[in-house]
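Labels run A, B, C and D following the written order; every chain starts at residue 1.
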Amino acid sequence: MKLFEYMGKEIFTRHGIDIPPGRVACNSEEAAEITAELGEVVIKSQILSGGRGKAGGIKFAKSPEEARIYAGELLGRDLKGLKIEKLLVEKKIRIDREFYLSIALDGARKQPVLIASASGGMDIEDVPPDQIIKKHIDPEVGIMPHFCREVVRRLGLTGPLAKQAADIIMKVYLVFKKYDCELVEINPLVVSGEHLIAADSKINIDDVAYFRYPAGTPVVEERTALEKKAHDIGISYVELDGNIAVMANGAGMAMATLDIIQHFGGNPRNFMDAGGGADSEATAQALEILISTKPKVILVNIFGGITRCDEVARAFAKVKNSMGIQVPVVIRLSGTNEKEGIAILKEIGIDSYNNIKEAAAKAVEIAKAG
Amino acid sequence: MKLFEYMGKEIFTRHGIDIPPGRVACNSEEAAEITAELGEVVIKSQILSGGRGKAGGIKFAKSPEEARIYAGELLGRDLKGLKIEKLLVEKKIRIDREFYLSIALDGARKQPVLIASASGGMDIEDVPPDQIIKKHIDPEVGIMPHFCREVVRRLGLTGPLAKQAADIIMKVYLVFKKYDCELVEINPLVVSGEHLIAADSKINIDDVAYFRYPAGTPVVEERTALEKKAHDIGISYVELDGNIAVMANGAGMAMATLDIIQHFGGNPRNFMDAGGGADSEATAQALEILISTKPKVILVNIFGGITRCDEVARAFAKVKNSMGIQVPVVIRLSGTNEKEGIAILKEIGIDSYNNIKEAAAKAVEIAKAG
Amino acid sequence: MAIIIDENTKVLVQGITGNQGQFHTRQMLEYGTKIVGGVSPGKGGQEVHGVPVFDTVAAALEKTDIDATIFFVPARMVKDAAFENMENGIKTIVIITEHVPVHDAIDIMAYARDKGVTIVGPNTFGLISPGKCKIGIMPNRIYKPGNVGIVARSGTLSYEIANSLSIEGIGQSTVVGLGGDRVVGLSFVDVLRRFEDDPETEGVILVGEIGGNAEEVAAEYIKQMTKPVVAFLAGRSAPPGKRMGHAGAIIERGTGTYRGKVTALEAAGAIVAELPWEVPDLLRKAMESRSGTRKVI
Amino acid sequence: MAIIIDENTKVLVQGITGNQGQFHTRQMLEYGTKIVGGVSPGKGGQEVHGVPVFDTVAAALEKTDIDATIFFVPARMVKDAAFENMENGIKTIVIITEHVPVHDAIDIMAYARDKGVTIVGPNTFGLISPGKCKIGIMPNRIYKPGNVGIVARSGTLSYEIANSLSIEGIGQSTVVGLGGDRVVGLSFVDVLRRFEDDPETEGVILVGEIGGNAEEVAAEYIKQMTKPVVAFLAGRSAPPGKRMGHAGAIIERGTGTYRGKVTALEAAGAIVAELPWEVPDLLRKAMESRSGTRKVI
């Protein structure tokens, strides 16, 4: 789960990391009011994406009037495919230097990793490797003072700024652990006179740790309505923009099914992993979601392992008989009792195959024809 | 640092471990008042020693009048060599079963160790080994729920009592860590109806971790006035009951010096490790402490290493000349520049030797003669 | 021969009394796995399909040796159970459970490394040495003993591939599921190395997917392997920034792309199948050509 | 030969700019110890007796190899410094500092065990291989190269004994101070095992004291040693329940008594000197008689 910038900054300030003075505005009037309070401001579109500046999502306003105009332009607009619903209006701070600081997960090393650079303010991907400091964190130890001293030394900081930076590193790790984060990023971390200030925040939280989120943790719904509906019934679903709806059992299988559709020149409408042991109830609900996206065809790819193919076929027959299916369905059934399954489906007029190659080809053919 | 029972129980109750209702009484009247509130009570002498029951330091009172009488008998009395200054007056609780539970340091294994037994209420040293559960705690992991489940299983607890016991184990470890404890002991941990209650507490805290004691940590002075005075000037000092005062550099050396005195039939007045690099100021203060104990003789055992013997000798000469020393002093000086040192002392009439055998024999001779 | 598990492996089932635990205990028993006990706190003394249930791992160890434990416990209890098994000296742990918090996985893996414990998963289908031992949730019937090792991040996709191999008469030495999470115990390299050292294994199939850099790291090791490796990767058509079912299957900040993985694998000498049904044939050809030019170490 | 340290050991001084650090750096340099650098946060770029000072251990490692680090840092900073050295791969750490919280010592030792780091101390005088290398605060002049190993819990007492040996012409291979705290890194057994394996060492002196059970554990190992061991223990006359200077020197709950230790050591075949001045003679006799009947492994 990604947090909006302003949410991340709320967490920072609660844990003693300085941020610029500012507030969230949901309309132009609020933006103007905040600007009246703060003086010169920066108005930042709150969307869950980086590169907002280049895309025109960040504006500087010198007066409440200017702020009102910019806010009006930004709010409700689409930026990088995302609708701007809130703005963060912050006092413009003096920027002497910009650092980059983050703690992320390194899946391959199975450890958190601290990444820092004296070249902050741009995407870390664009910073030359020799200007990037990477230090893995032993999860059994965490971050101790010496770890911070070393990072700060390599950043070239000394004196009071070094002390502040070391302190911020400790706090970033605290936040990273406390909120089950996958990423906590401050970019840029700004030297403003004698202070270090987090001028941006990016926090990604591990969705599945929800049961132990600290009280007051903000919750952001990144899923579309349909994705949420699928998620609520335990199905992994991602909306795409093609016209062939897909159901498969297993995430790898579902991904491969999309790849095969593309191979045959088709365009998938979605990713759907309906899980291993789909019973007829779950199958019906999954089908319902697929039908609601109005695809040209539905391609189902089932490798029957522990689930028997004849049972899967019966579930489909039941759905077809009870609620009807207006859109063409192509099913691939393979594995345990595949022949029986294919026979059952034949009776109710559903095309079925025992290999995905033929089934996918057929589905693409239907999509193109329709 | 050992805490009094009532202090340990305050920590327990603050961390969610149940204790019997009760309060501290400093005089008979208070004891009577508390008893009037609580009904039948147990009156427990607050001294830093176990075995209070056998020694007569624990009384049961059925009425305020009884409580007043017992409190009067106990307060101010000496118990196991310690003066009773406070009483803990607690409601008498129903005792169905008694368990033993502690977490201690295992120096050899370099780990904390949990010790538990279904045979509580007596000294753990007196419990047969096959009735004792010992489980070491990996300090990198701490105590997790499974650890508690296993201890509780081996204690033979089930149902709600098992859950309470597991919970108490977690909390005891929390206290152990949070207060830098060397020992946290609950003996007995009482099954009283459906509840587990800590009927006693023994907590030893690591003295040297004082700089990070949590706010509100009680402080108990176990040292005698003289020991405290020595401690405050950085000297390790323990009062004993003989008549030969001892100063040595190094703890092992000081212990060995006591042993040698005993070997020759003498009785040391104290243990004193005056440290490695004793300057004349520290030497003077140390001497002052020794003189104040009115010994028959003072035996000084210095192995000059980095400190040169002639410098030590000069320090003694200075003290002798400035403040005078009324009690006979025997000094052993060995190591760097020992001859020069012995010569300097000879001039001011202090007996000195280059080996402890002769020096100790001489000191004992003086002590016996005086 | 096989890797990690064989016909002598004694298996404990953690969470044996739950639905999943009961069902798969039965499946594993039917496959011939030596299940010596189960653990379910508070259920000690019961039996599940004739398997004795204990309250704790230590209680089970009082009655039997244990070589490996398979987990069917809720995600939030996985860490506690993992440490229980590791602290009690169990050396192989298979975590079927999905949705384990990644910080828990990190803690588990750090301790496992200290104690020399092999962790398979989380979010794995398990592992199987066909005809010898199955510790997992894969179907019993699709495997066949043989000399091809399979290592996969994804379950059903690997079932499909194993099945197609079996149908074509190509048996498997061991099939290992790494798990679909961002942080898992065994890596491709860990398993490839074991296959390389296993005299019974003569060819290897790697079933990967987008996200992370596990395949790229694997490619580095494949360079020095003497046995042929055929890879199939899922997610060629996946859009960046979307999690494709598995927590680990996501292209982020330009890393974890299909193209990057294929390039790395091919540069390392692996053969990458574009479509899953091409795998058996590519493997057979690779093994035939390799057997003529086998490197000698 | 010698154990743990020799003429090639490169030493870092943590806390080099403090009084103690400066003084003992000079003493060690005078002894011939190869001191390659010092660490003092914020003081990087300075020099102490010609030794370069760095801000961090990592900064020092950019300029030089380091085999061992000696600590003169305040007690409350020892844990941080210890982890800094261990995380940077330093394999031998000598902690002179007294009054280190025992919970910190526990954490240090647990991590050291994981990483294979040798910790000497805390609250030790250090260790010396006479004529080769001294990492500690012991006097420079009292030692003499030779073939007797000394392992001690206490500093001055071991100086006294080493000195008396040297005077009688008996040199030392290595002298190791374990430290006077309740939890220390090296144990008697760790050091005795190294002496047993060291071809140069032909006899061993163990200087123990009351408290804990280190001597009793040592006795178990002495049973299987081929080299003679002479022990001297301090604290015969110490009353129970009193801490005699060292945090570890206390008889508690009936354990750690002088009598118990002597009994264990004697049962194991060690010779226990009742008085310190008896040690040289007892050792010489033991070595002479043992050389006639040397066990062959």
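The working rule: contacts are C-beta pairs under 8 Å (C-beta built on N, C-alpha and C of every residue); 3 or more make two chains touch, one makes a residue touch a chain.
Treat the numbers as computed from the prediction; the structure is a model and nothing was measured.
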item	value
Minimal step count in the chain contact network, subunit B to subunit D	1
Chain pair with more C-beta contacts, B-C versus A-C	A-C
Whole-Å gap between the CA centroids of subunit A and subunit C	27
Averaged-CA centre spacing for the pair subunit D and subunit C, given as whole angstrom	47
Length of the line joining the C-alpha centres of subunit A and subunit B, rounded to whole Å	58
Inter-chain centre distance, subunit B versus subunit C - centres from mean C-alpha coordinates, in Å	55
Set of subunit C residues in contact with two or more other chains	111, 114
Where subunit B touches two or more other chains, by residue	138, 140
Pairwise touch network: line, ring, star, complete, or other	ring
Interchain pairs in contact, sorted by label	A-C, A-D, B-C, B-D
Subunit A-touching residues of subunit C, taken from the complex the two chains share	27, 75-76, 99-103, 105-107, 109-111, 113-114, 137-139, 141-142, 152-160, 163, 180, 182-183, 187, 207, 209-210, 212-214, 217, 232, 234-239, 242-249, 253-254, 274-277
Touching residues (chain side subunit D, partner subunit A) in the complex	41-42, 44, 55-59, 79-81, 83-84, 87, 111, 114
Touching residues on subunit A, where the partner in the complex is subunit C	105, 107-108, 110-112, 125, 138-140, 177, 180, 182, 206, 208-209, 211-212, 236, 238, 240, 248-256, 258-263, 268, 271, 273, 276, 303-306, 334-336, 355-357
For the subunit B and subunit C complex, residues of the former touching the latter	138, 140-141, 144-147, 149-150, 153, 158
